[in-house]
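A quick write-up on the structure given underneath.
Chain IDs A, B, C, D, E and F follow the sequence of writing; residue 1 opens each chain.
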Amino acid sequence: MSLPERQTDIGPPHYEKFLPPVIKKNYGKWAHHEVLSGGTMVHVAESGDKLYTVRVASPRILSTDTIREICEMAEKYSDGYLRFTTRNNVEFLLSDQSKMAPLLAELKDKKYSVGGIGPRISNIVHTQGWVHCHSACTDASGIVKSVMDELHDYFTTKTLPNKVRLAVACCVNMCGAVHCSDIAVVAIHRKVPVIDHETVGKMCEIPTTVSSCPTSAIRPNPKTKSITINEEKCMYCGNCFTVCPPIEIHNPQQDGVAIVVGGKVGSLRTDPKFSKLAIPYIENEPPRWPKVVAAIKNILDVYAANAKKHERVGEWIERVGWEDFFKLTGIPFTFQHIDDFTFMRDTLRNSAAFKY
Amino acid sequence: MSLPERQTDIGPPHYEKFLPPVIKKNYGKWAHHEVLSGGTMVHVAESGDKLYTVRVASPRILSTDTIREICEMAEKYSDGYLRFTTRNNVEFLLSDQSKMAPLLAELKDKKYSVGGIGPRISNIVHTQGWVHCHSACTDASGIVKSVMDELHDYFTTKTLPNKVRLAVACCVNMCGAVHCSDIAVVAIHRKVPVIDHETVGKMCEIPTTVSSCPTSAIRPNPKTKSITINEEKCMYCGNCFTVCPPIEIHNPQQDGVAIVVGGKVGSLRTDPKFSKLAIPYIENEPPRWPKVVAAIKNILDVYAANAKKHERVGEWIERVGWEDFFKLTGIPFTFQHIDDFTFMRDTLRNSAAFKY
Amino acid sequence: MGGKYKTPMLDELEKGPWPSFVTEIKKAAKRTEMADDELGQVEKSYVTKRGYWKHGGIVGVLGYGGGVIGRYSSLPNEFPGIAHFHTVRLNQPSGFFYTAEALKMIMDIWDKYGSGLTNMHGSTGDLVLLGTTTENLEVLFAEYSSRGWDLGGSGSAMRTPSCCVGQARCEWACIDTMAICNEVTQYYQDQLHRPSFPYKFKIKVAGCACDCVAAIARADLSIIGTWKDNIRIDQAEVKKYADGGMNIQAEIVEMCPTACMSYDGKTLKVNDAQCSRCMHCIAKMTKALKQGKVKGASILVGSKAPIVVGSLLSWVVVPFMELEAPFDNLKDLADKMIEWWDDNAKPRERIGELIEVKGMRPFLEAIEMPPVPQQVKYPRKDPFFFWSESDFN
Amino acid sequence: MGGKYKTPMLDELEKGPWPSFVTEIKKAAKRTEMADDELGQVEKSYVTKRGYWKHGGIVGVLGYGGGVIGRYSSLPNEFPGIAHFHTVRLNQPSGFFYTAEALKMIMDIWDKYGSGLTNMHGSTGDLVLLGTTTENLEVLFAEYSSRGWDLGGSGSAMRTPSCCVGQARCEWACIDTMAICNEVTQYYQDQLHRPSFPYKFKIKVAGCACDCVAAIARADLSIIGTWKDNIRIDQAEVKKYADGGMNIQAEIVEMCPTACMSYDGKTLKVNDAQCSRCMHCIAKMTKALKQGKVKGASILVGSKAPIVVGSLLSWVVVPFMELEAPFDNLKDLADKMIEWWDDNAKPRERIGELIEVKGMRPFLEAIEMPPVPQQVKYPRKDPFFFWSESDFN
Amino acid sequence: MPTLESEGKSYEVDEEGYLMDWSQWTEGIASVMAKGDGLELTGEHWEVIKFLRDYFDKYQIAPMIKILTKELAKKYGKEKGNTKYLYELYPAGPAKQACRYAGLPKPTGCV
Amino acid sequence: MPTLESEGKSYEVDEEGYLMDWSQWTEGIASVMAKGDGLELTGEHWEVIKFLRDYFDKYQIAPMIKILTKELAKKYGKEKGNTKYLYELYPAGPAKQACRYAGLPKPTGCV
């Protein structure tokens, strides 16, 4: 079979090819928008033109079949135009309002979920997990599915004080913006890695392995031509494993997830925030991680009941104080919550004023 | 001459011996107080008893003569009872209101300054300087005198939005709460220390000297039996000099002071705060440090004009933002303001929202 | 094909209203052994609570050093279909816009040479094709590139830039995010395909402070739109919001971080000198409030995930910069940043980490930016700081 | 005596309304050569912009390892009177209370053996006698100690504790600061006089969150009074403040950090569950508002000046502790802290620095305190944390 | 585990052909690997391999590409100091070919 | 600069009698210093001096008091492991007397 002629360094196709005419015409000249329902909105241009968006949930892992099905709907209702969002939802871009209802009907029929717009939960940012990554210490897709099944109403219809951004990281590499999410799951190890010394000596760059360790727990061991880990100092981040495969960090009995809360990305009202530790460990319970789901649900419910309108999770917590967060959610406070990594200093309370 | 019999480990005399009867009687049972003037106040006990306080400025360096003079006034007006405050002012403790006026008259007569109570400037916390300390890179007492002469009205009569706590540190050892003051002067070096290698080898503990350096700029030098300073890394803190005298850090041409602002100690309204760098360097200009005086006056004036009632300097700055602090005071922003020490990370702005 | 494995665990994940990734894998498994074996291996992971992938491999196409992630099952005998299971990163069009036609073409080719599974999209932004073999890589590349689609980045290289939808649909886009994203992608083609950096370098472009692409949290170079002049207020529209039941005092005025707004029940006022352009009031009252007209971007640097020194958010380095095509000022600036980083970093050291090690000063000097108060939340506290000879003049 | 030197520089500092330290030195210089030579040397410093003191010396009294700071002029030939110029630290009475009689006695002795100069007081709290010779030290000690006055601390030792005026005069003192200060001073006499710690250890006691002794900023062990139950409000007095012109809404309600107050023009209310006991409202309306009745102290640890790792404020370790004489619970706690520090610290490492190195957990375990949210401003961000075997049960 | 034969000896390699033990490397191995890719190793190829090998011996890590190109430029002339040149020599890229031929540990993590 | 004479040699000391060069130390110097303070060095005194000297040789720093007392207790019995004992031996204190006699650098900073 002769291959078509390959090209290099052409970059992606220019986006203009894929813009619907209403966008091309009104590019940069949008006046305002209105949320019409949990999953639909209209943008109005200065010219008066309107663009209707219908947002549909996606599991992100999509088969070519499903993508073809989506494409066919796009051809039917939005002149073939569609896009994906930065959180992996699908958006149909309609210029013809009259096609909204039939599209929504067909989507409903085909069991697609329409939602994610406005002060709601949108798709959970997540990555590979056991589906594709050697580094995973939980599965991302399974947790996402389980959590979103539970919170589905908050995607489609129910509203919250503000958007709540959820994320799942399948290891501390955190391939997403997990570290700045309203509520996120991050998978962690709890045991010092086990080293296959013979292979380490043959296959790894020792200096790279030594310098990979955030806590300087690793020392070269010239005798074994391998390395030694100071168990006292290791906090199981797995970075040594990343650079040196024979350092086994996985431990199915002990691997699990932590829940972090209160992060945000936008600069509205308050500065962007890192998420902070809420629950240090929940064991992996495939296929549906019931404890993880319950924990997230609990935090979300307490937030929904206590936050002011427009307050993000982190803004609410900072207003009432972390003392109250732990009290209201009933989550136990442990030694793990107290920072002892590089930047512990600023996390400790240095004030005589606090709540009980 | 035979000495009286020495005693050891007796500790200080019990404070009760020095309490006026009205205090003994109402100890722990005070109801409220009222500020009567810039330097006088009355405390009212639950019993209805009253205690009048007259606060008098002190240069802290006091001769025995002056102390005797003060004692005599105390005998005359407050039954011999007096105390010093935590900021080194003198307080006469009167139970008889009728003695207030004559005491104030005599104080005026003798040119004592009465003041420091309420939302004012009180005495400047400061330490030894050239008067007694080998470590000093400015004189503390001279700066204090010059500044307080200029701000004297704010001690005696004029009010400010809230208390303004000033301090002077004659080196970065900071023998005071300089690091948490509304406005403070801290003396600094700007040149890498000069080492007398021969003496270092003979007189210093090399490991102690090496570990004294906050930036790990110091390495032992086995050849010279002394140490080597990596000039790139040295930020002139002088800690090596503290542990090893032959390391000369003083440089009269380059030593000078920095001005820091916005610190506080109490937990009222906002958490205690560290002072932050406002002006990185002003040269030493004895005897009256005119540039330092002007700089402090300027910051104080801008604060007085812009802060809300009850706002401390740091609270005001945090409300308007540091961008505005530099704009309003006209102080230039330099590379020195940007933290590059251990905890730089949290000082850098990570938000898309700020002022110009 | 399909149905080789019993998957009681995964079947549980086909229940419930949210779309199921298991259903997707099963769909593909009907057509490819790859997907079917993937299903089997994932089921096994669900039982044993561990993954079965070998550590990442080095595979790719000729002339490129990145764009493909090598992946091998550690149980190739048990799951031969995924003995090789590499991912191909196709560089997405800016803003993730597609036509059905283009997408179907991509799928058709993928069905021919791959597992039939995708990630729409990868977290960096690529259109991720999930699972193929080493021998199919050159073929896939020829098929796609001949049709105008190139690979995205991987390795110690420029990574696929990405952006929010921006001016294509959003009234708040202060800059043309898609044009900028496309331009830097094209400008850095060599660095994107041939890893030559100390570590990865990511660029993300958001049109305003809402930051719908999380640029501030996960890009070495974060470009975020903003404006400089006064917020424009349409009082008639303000009234409509009030009439519509909005509690303007509580929801807008009291939530303004700089307390620069006031509302007397009739007129909404902004003390613009105090406004920090946080976007809150505009976002919640889009019909009544508009940004100023002098638009541009803030340039921030250094965010990343927690390994090694703890996660970073990007830091402001250039508070305001006008950005007009062809964005030469931006490319210049990025070049200077990368050059400084390249000259100074250790292997696997991100630019944010390097700035932490070296301090802001050498970085700002390298990019020829003066120090300005906007770069800091607050000035340093401890009186320990450096002086250069140049400061003594 | 006196007048040996022309001091044109220092004379400038006798002008102006603030009391002059120069005048003080001149007064003493009339009587002692020490003070006169001190004047001369300081004048010289003013001219050359540098000090002339040798690095601190080691002098003291028999049986003690501290309490005296050795000081020698580096120009003993030029200023022979201050060839020796040691300071003697007398331990002040708690709260800095004196009678004229006691003070005069102290001055009389000092005039006999010293420079005639003092610091009332040193920054740690001692009554500092400024300038004497080595041979006078034993005499001074005999004179003072026989009259009931002991030396304060110096060196790697317990330092002289100090406190705010507390219940002696202040309506807000939740604890008996002076009694506590006196008690710990007595309890640690041996450690105060005979340095045996890794470095200095300071204790300061403040009666409430106003912290009038800056305990939170400059004490290894900071004890700060607080209460647990509800603020007591006298609405009649509230009215008087309002009538007197106080803008209660702006000055009190809106400045409450927890936004837990409300005022409708008549009644001032506090949502006590939300109150953080910051003291603002009480301090500004002392006649109307009173603390609750369940009083005690928060125990904080670790503050210090910037050398070596940057300045620290003390951290909350025990949010609330009742403190009644003889304060055994406090002494126990302090003993445990010191023991852990002593066992683990390197030389010249303060307890706050050690906690930073080791983490809070071993410290809290050593003092037998459980983790509680009050100990942190916020929990850790990065998902890197330790587990002990004991956590796995 | 796949193996590779060179000069009568057999060496363990991983599925991508990287030597499992960098200490076993010989020049012959490099030649065999190149042959497998249909490449004939020229002096210019050996310049790169030699540099990689020396660098690894000295530092136990593979050099960053930047260092490799810089050093090539310094030693062998400016025209050899860029990635273009490297990809001409090693079309599959320095990591996939040059490092592999030089017997260096397989690069990790940077994907 | 003051000097101290021992065994016919003269040594520079500072105004407080600390040896200006710790490497010149001899046992004779210790004895002379003690005499100056009116002390006669007993075996128990030498135990302390010897420990200080050994510790300094090994670590180039003076031990913390805690270490000194601990080691004395370990080596010579519990009753010698406290500051009270040290001050009995050396009434002016371990820093002012024991370290000085042992020729250690003058303690700094801790005042």
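Just so we're on the same page, contacts are C-beta pairs under 8 Å (C-beta built on N, C-alpha and C of every residue); 3 or more make two chains touch, one makes a residue touch a chain.
Note that the coordinates shown come from a computational prediction; the quantities given were computed from them, not determined experimentally.
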item	value
Where subunit D and subunit E overlap in contact partners, by chain label	A, C
Chain separated most widely from subunit D, comparing mean CA positions	E
Most remote chain, CA-based centroid, reference being subunit B	E
Equivalent interface positions on subunit A and subunit B, same or different at half	same
Separation of mean Cα positions, subunit B and subunit A [Å, integer]	49
Geometric centre distance via CA averages, subunit E-subunit B, whole Å	64
Distance from the mean Cα position of subunit D to that of subunit C, given in whole angstrom	51
For subunit B, residues that touch 2 or more chains besides their own	172, 179, 208, 214, 237, 242-243, 245, 267-268, 271-272, 274, 341, 343, 345-346, 350-353
Where subunit C touches two or more other chains, by residue	54-56, 63-64, 190, 209, 211, 216, 224, 257, 278-279, 306, 310-311, 313, 347-348, 377, 381-384
Multi-chain contact residues (two or more partners), subunit E	61, 106, 108-109
Pairs of chains, among all present, that meet the touch criterion	A-B, A-C, A-D, A-E, B-C, B-D, B-F, C-D, C-E, D-F
In the complex with subunit B, residue positions of subunit F that touch it	20-23, 59-62, 105-106, 108-109
Sites on subunit C touched by subunit A in the complex	9-10, 12-13, 15-25, 27-28, 35, 38, 42, 45-56, 61, 63-64, 71, 85, 87, 90-104, 107-108, 110-111, 116-121, 123, 130-131, 138-139, 141-143, 145-150, 162, 164-165, 167-171, 173, 176, 178, 182, 185-186, 189-190, 193, 209-214, 216-218, 224, 250-251, 255-257, 278-280, 283-284, 286-287, 305-311, 313, 346-348, 377
Subunit F to subunit D touching residues, read off their complex	15-16, 18, 61, 64-66, 69, 83-84, 87, 91-96, 100, 106-111
Of subunit C, residues touching subunit D in the complex	306, 310-311, 381-384
Touching residues on subunit A, where the partner in the complex is subunit E	199, 202-208, 242-245
